[in-house]
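Think of it as A, B, C, D, E and F in the order they're written, each chain with its own count starting at 1.
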Amino acid sequence: MSSEQVLKLGIPKGSLEEATRRLFARAGWKIKPHHRNYFPEINDQEMQCSLCRAQEISRYVENGTMDAGLTGKDWIMENESDVVVVSDLVYSKVSNRPARWVLAVAGDSPYRRPEDLSGKKIATELRNFTHNYFHNAGIPVEVEFSWGATEAKVVEGLADAIVEVTETGSTIKAHGLRIIAELLQTNTQFIANKEAWEDPWKRNKIENINTLLHGALRADRLVGLKMNLPADRVEDVMALLPSMTAPTVAHLYNTDWLSVEIVVEEDRVRELVPRLQEKGAEAIIEYALNKVI
Amino acid sequence: MSSEQVLKLGIPKGSLEEATRRLFARAGWKIKPHHRNYFPEINDQEMQCSLCRAQEISRYVENGTMDAGLTGKDWIMENESDVVVVSDLVYSKVSNRPARWVLAVAGDSPYRRPEDLSGKKIATELRNFTHNYFHNAGIPVEVEFSWGATEAKVVEGLADAIVEVTETGSTIKAHGLRIIAELLQTNTQFIANKEAWEDPWKRNKIENINTLLHGALRADRLVGLKMNLPADRVEDVMALLPSMTAPTVAHLYNTDWLSVEIVVEEDRVRELVPRLQEKGAEAIIEYALNKVI
Amino acid sequence: MSSEQVLKLGIPKGSLEEATRRLFARAGWKIKPHHRNYFPEINDQEMQCSLCRAQEISRYVENGTMDAGLTGKDWIMENESDVVVVSDLVYSKVSNRPARWVLAVAGDSPYRRPEDLSGKKIATELRNFTHNYFHNAGIPVEVEFSWGATEAKVVEGLADAIVEVTETGSTIKAHGLRIIAELLQTNTQFIANKEAWEDPWKRNKIENINTLLHGALRADRLVGLKMNLPADRVEDVMALLPSMTAPTVAHLYNTDWLSVEIVVEEDRVRELVPRLQEKGAEAIIEYALNKVI
Amino acid sequence: MSSEQVLKLGIPKGSLEEATRRLFARAGWKIKPHHRNYFPEINDQEMQCSLCRAQEISRYVENGTMDAGLTGKDWIMENESDVVVVSDLVYSKVSNRPARWVLAVAGDSPYRRPEDLSGKKIATELRNFTHNYFHNAGIPVEVEFSWGATEAKVVEGLADAIVEVTETGSTIKAHGLRIIAELLQTNTQFIANKEAWEDPWKRNKIENINTLLHGALRADRLVGLKMNLPADRVEDVMALLPSMTAPTVAHLYNTDWLSVEIVVEEDRVRELVPRLQEKGAEAIIEYALNKVI
Amino acid sequence: MSSEQVLKLGIPKGSLEEATRRLFARAGWKIKPHHRNYFPEINDQEMQCSLCRAQEISRYVENGTMDAGLTGKDWIMENESDVVVVSDLVYSKVSNRPARWVLAVAGDSPYRRPEDLSGKKIATELRNFTHNYFHNAGIPVEVEFSWGATEAKVVEGLADAIVEVTETGSTIKAHGLRIIAELLQTNTQFIANKEAWEDPWKRNKIENINTLLHGALRADRLVGLKMNLPADRVEDVMALLPSMTAPTVAHLYNTDWLSVEIVVEEDRVRELVPRLQEKGAEAIIEYALNKVI
Amino acid sequence: MSSEQVLKLGIPKGSLEEATRRLFARAGWKIKPHHRNYFPEINDQEMQCSLCRAQEISRYVENGTMDAGLTGKDWIMENESDVVVVSDLVYSKVSNRPARWVLAVAGDSPYRRPEDLSGKKIATELRNFTHNYFHNAGIPVEVEFSWGATEAKVVEGLADAIVEVTETGSTIKAHGLRIIAELLQTNTQFIANKEAWEDPWKRNKIENINTLLHGALRADRLVGLKMNLPADRVEDVMALLPSMTAPTVAHLYNTDWLSVEIVVEEDRVRELVPRLQEKGAEAIIEYALNKVI
């Protein structure tokens, strides 16, 4: 194996680490963190993983320290990293709403719009992005880097406004703050270094990983459904079945019944079942899927 | 969707809550408890869930506050609630033995039968049921409501006997008590309000939920089994196979072997496998099931 | 059932206990530890389980207290037990490297080879084996039994060398020690008493357990893969597919596509998928397996 | 020791148990809970302890099962127990505010005063007390026993109001409820059976326990303070010192300085120190106290 | 500081470690375990500590690796170590009963006395001691070393009797065993190497440590008590006071009252207080002690 | 109370928070963190507390947002804050060695002195200070801010050297790094805003807090020691006693013995005791202190 045939991949440390490892496991790669070692083991000789802060990954992908990586769209923008965005990967969210960086002020303050903050102090972990946002809008503000617990800054009188990430807004509200603008929606992205993307072997490897990650994500909300049907009902039933993939139909041993097997959304099974029973379906079984590609 | 088309369902809080949520998940409904909200979210616009003490659910189903609910048979009897029992749901038990409310006394006391307790004091959380039991048997006793830790009452000399729930009897024994009668066997029941049961839309919804809950429970002890067989052995093998559902038989590519797929009880697989091997079965695989209906 | 028809099986207590119980569960036997009882419950009337230290099991199998058991090859050798080794069972390892008993010395000591330790003191939990090893090599040493925390002994000046088990060597290194020889590779073994092995009923039962344990272990690294294919591509695709078991091929309803189902190593799926897609495969799904026999 | 010379004392189980045990320890009695025994061990042959639910203790003190006990004033009133209240013991509170049973309604409901609830349903664990309160006020209401999680009842529409205990009101507010009346302030009380109180030996024992419990409680907020002073400043300093107890004054060895030792409230030390220093005090030391009687 | 002036002290690792460290802290030595180091830090340049298994300490003290150590009398006897026993240190016991090594058999076995075990198998962690015991009694038995969970051995039929340590006997009983003899009472001992004991500097250091450890143990059950008294009552009160140490009596400022301070057993305070109050004592305060020598 | 009479105090959040709260408690101020509120409650109407990152406090004290605060000397220098340093407060350290910011490189790298790093990349959380350090030394380096896990950076090849805080150096060594220079020793400092320091009321309040904090810190290593002595030995003993504060001497009741009470360093007690015993001291008791001023 020549040295070009290793893809260096960055994996985010911390809150997304466990969910990312589970996603890769379903996709076919087992990533094992090494106690006392910074390169987790991966069961693929063509890959080498690094665990790294989400904030730093895009920098390392941009400068070629890593060929590819998973990180948040927010930190890619904060770092103004010049990388290839291979795809969006939406997983492990607390709620069903997207994560958003919002501009928030004290609930009883007079500020209603971003322009009301002209001349004011804004605390955020996303300093660069926030600075660009207000600069482009022609609103002069002072942006101060926050080491965390940003919501408390306004309450303590240490800042006039904050730019902070939230899904449901509940932490913001619990601090008595009011959201006055949404600056950015974010999610995990799979990114690649520009040169690595031009290298045919690496690009092929990256695209293969991408296919399998999406196959694993898709399988999360799908199930296999299998049932027995009288042969003369098969047309009726076919009309009912959602066309996710072509059904597999086989003859049952020594009868004129058929076995029909399909892939459907797990959420739809509960309404399909009574309608299938009406049509004469029997022995309906449901099983879980690892991947659907 | 009109407002009649919402089914209000009561889910028991506490020890059964987690197991109930897992059962509904396998049946196709994801129930997410809301932090600071009393109506957990459910991924079905036709349903609304309430989390409620098992002791109180039958009262609310009876008076129509809820259309249906899951709770223990014991608390339905304690409350003397006039409701429709849709089905028994047996899940999440500590042992393989049913939960029973028993009458227990000190191990070294002279009491051998319920009638020996005439004129004595009995502590229990199931006051009403216990009172009725002894009243119907014509045995005069004093029934005292216990706020918990009931087994200790006899040891401390605060009561002469207790009526308490147990599966294996081990907590009773560990307190040095002796069981002298079993008053009631209990399990979870799916119950409905009498008027809701007469409403065709609600009854249909309740029956659909019931079908899928039982499908999920059944799948817990069943597996899919698949094997390859020489075509001339198929009759022999069919004779061996338990007739849970009709087997699915398909021809293997370019050979005269067949593929046979069945659903069997997981516990029987270990004895089936050597007999199938004797008959010439190869490539036997077993997989898990989510639902069997 | 006559009393000869019970097989007494020893299960290792402690670090391997949970993994062993999970392995048996997948094989079809549910072992439930009894609080305050030393014979865990097992859902098979023909078996009786004992939980026992791995260090002691081979002694009990040798003397017939147990008919069969699971334990480490290292402790079988330490005890010089005369038993039948039914098979090697490799599971639940921390890393992908085998567990090894190594000879280690202080990093800054002059010792380079076992013979340099002539006349020195060696601490180990595997006293007998170590004594034999040096005796057979004609190197006179003093072997001292260690109660644990063996690595610290050299650091504290309490021994000149240690013989200790390790997978990655990292704990050894973290104590500043240097490995100078590997004395033994070890793994779990399924062993039987010699007389039990001659009893036809017991031997048959042991072989049946062995088949199902290996079936469960094999399923751990295999998955089911199913796809739809144009009929004219089936020969091309067959050439690609690893010959684990014969594929199951069925016709899709009312088309000239085929459904193909195979069992493959999970690790190979990620490279198979792009090649299958090139050949025209669609609707590729992957599912998990409990057993493959 | 004759059998009359044992005092049977009830100790509340659960949330107050640990704090009660610590209070008795500082007072001089070590109470050790017995695993599998209902009478905790106490290092005083003249006493016998029972651990019991706070809700039930006053019933057992009233009927003579226990001679004395610690429990909440609220449960004494709920049970309408006819007992002697020896003293109030205020300890282990979450906040500095007293625990109160309050009447609370939905924040957006029209109810402002108890009389607005005429004809409504009220859920509470304190059913008897609540019934009496409204009955005496001439307001007809339906009082329903709540098995817990009472605050949720109003939110879920299962009750119109609740009567619940609170210190800071924050749980009430967090559920969106509004307090419209305070029905009862409560705290722990030391109570005695009426006959036991007439028995000279028991009454003396109860009063001795009471003295030492209060001595331990008092010591919690007091400290010993000791300092050296020039003899001619002693009058000035005496004027400053709070007269908690008479100061102990001693001569320092071979000088005309004095040593002065007093007992003061811990909270006052920080303001006393600079004033003592101004007066010439030196070597000021502070130490903790176990009891002050 | 010359090298002879360091005393090497062994401290038991594991269950007694925390209690031992707390005892030394009250005696005046702070022992801090080093993460990644086997010599805990101690705030005394004249001492060096090692953490070591209780089972091994007497061996190291005997051979001079350590000058002194704390360990159980049982393990000193098991190792037949020839050391100086400086003193017995009784601390950190679960119950008030001494720890004993007992001979136990199955509850339903016929064995009543040690001699009934002639020719039988005995499992124990204290192999050497047990062997000597039976040898000296002229009873031939087979003694087998047990790796732990010894009580289970009899239940599982792996031994006829066990020799095991117990305080209350409850674990023995919980396993259905019966104690038929007590072989040894044990407690922690402070031991010294024989040569170290002859070295005047080391012996002096060891005796100093011994004095302070006992001073700390004694203080655990004593308290300081201080009160104010009218001068004319002092004789009466002196007669009441236990003569632990001579009382300190001082005059109160500008009155004819006296301040009296004594050291008494904590357990006696509760009976002293009412009698002191009767005699006119006021402002009684109690405080804790670190050491009493 | 006018509004000028409130002192705004910053308390460090995180690792020092608990130790700081305990220090203030011993000094006489109880700081209670408010759930969901950023101003912890303090039992002094003249003070208002804020919990804040140690990194940020000096900035807020400099600009007057806070009047005074506790934070690390390192972060005061990093922020180049122009504040009054009231005193150094040394508490809650892991070891007895001071915390130091050191320059560390890979163990096997060629770098030996700071100047060897000319042109290299250095990762640190103390970016500003590090930049100044190298700038003043005339060594051109690239200083990169690190988000944490800094030690790993050199191992992963992401930096040539790091500047990181350490007490014992053990984490540095565990990563295979080598310290080549110490750049800064640090500890907690009590700092004040320059204007607040000029305000007489605030300065007086700050100095009062400072006195009591140091009184509490001093008491940590001191104890009270009390003993009885024959009157004729008092001169001999006085010569032995460390002159921490003047001893308190009182006559013992009806004897010619004296009671002597002193304050000494806890560490010295163990050597004082045998010498006091030689001089005839008896009934030596030791007790703990809260404050020594």
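To be clear about the criterion, a residue touches a chain if its C-beta (ideal position, glycine included) is under 8 Å from a C-beta of that chain, and two chains touch if they have at least 3 such contacts.
Quantities reported herein were computed from a predicted structural model and do not represent experimental measurements.
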| item | value |
| --- | --- |
| Chains in simultaneous contact with chain C and chain E | none |
| Steps needed, at minimum, to go from chain A to chain D via contacts | 2 |
| Chain separated most widely from chain F, comparing mean CA positions | B |
| Superposing rotation of chain A relative to chain F, computed on C-alpha atoms, to nearest 5° | 180 |
| Inter-centroid spacing, chain F versus chain B (mean Cα positions, whole Å) | 60 |
| Chain B and chain D: spacing of chain centres that average the CA atoms, whole Å | 44 |
| Chain centre separation in whole Å, for chain F relative to chain E (CA means) | 36 |
| Gap in Å, rounded to a whole number, between the CA centres of chain F and chain C | 53 |
| For chain B, residues contacting two or more additional chains | 250, 287-288 |
| Contact pairs between chains, per stated definition | A-B, A-C, A-F, B-C, B-D, C-E, D-E, D-F, E-F |
| Interface residues, chain C side, partner chain B - complex | 27-29, 35, 43-44, 208, 211-212, 215, 219, 224, 234, 238, 244-250, 260-261, 263, 287-293 |
| Chain B - residues contacting chain D, complex | 13, 36, 38-39, 50-53, 55-56, 60, 65, 146-149, 152, 155-158, 174-175 |
| Chain A contact footprint on chain C (complex, rising order) | 95-96, 170, 174, 223, 226, 228, 250-253, 255, 257, 259, 266-267, 269-271, 273-274, 277, 282-288 |
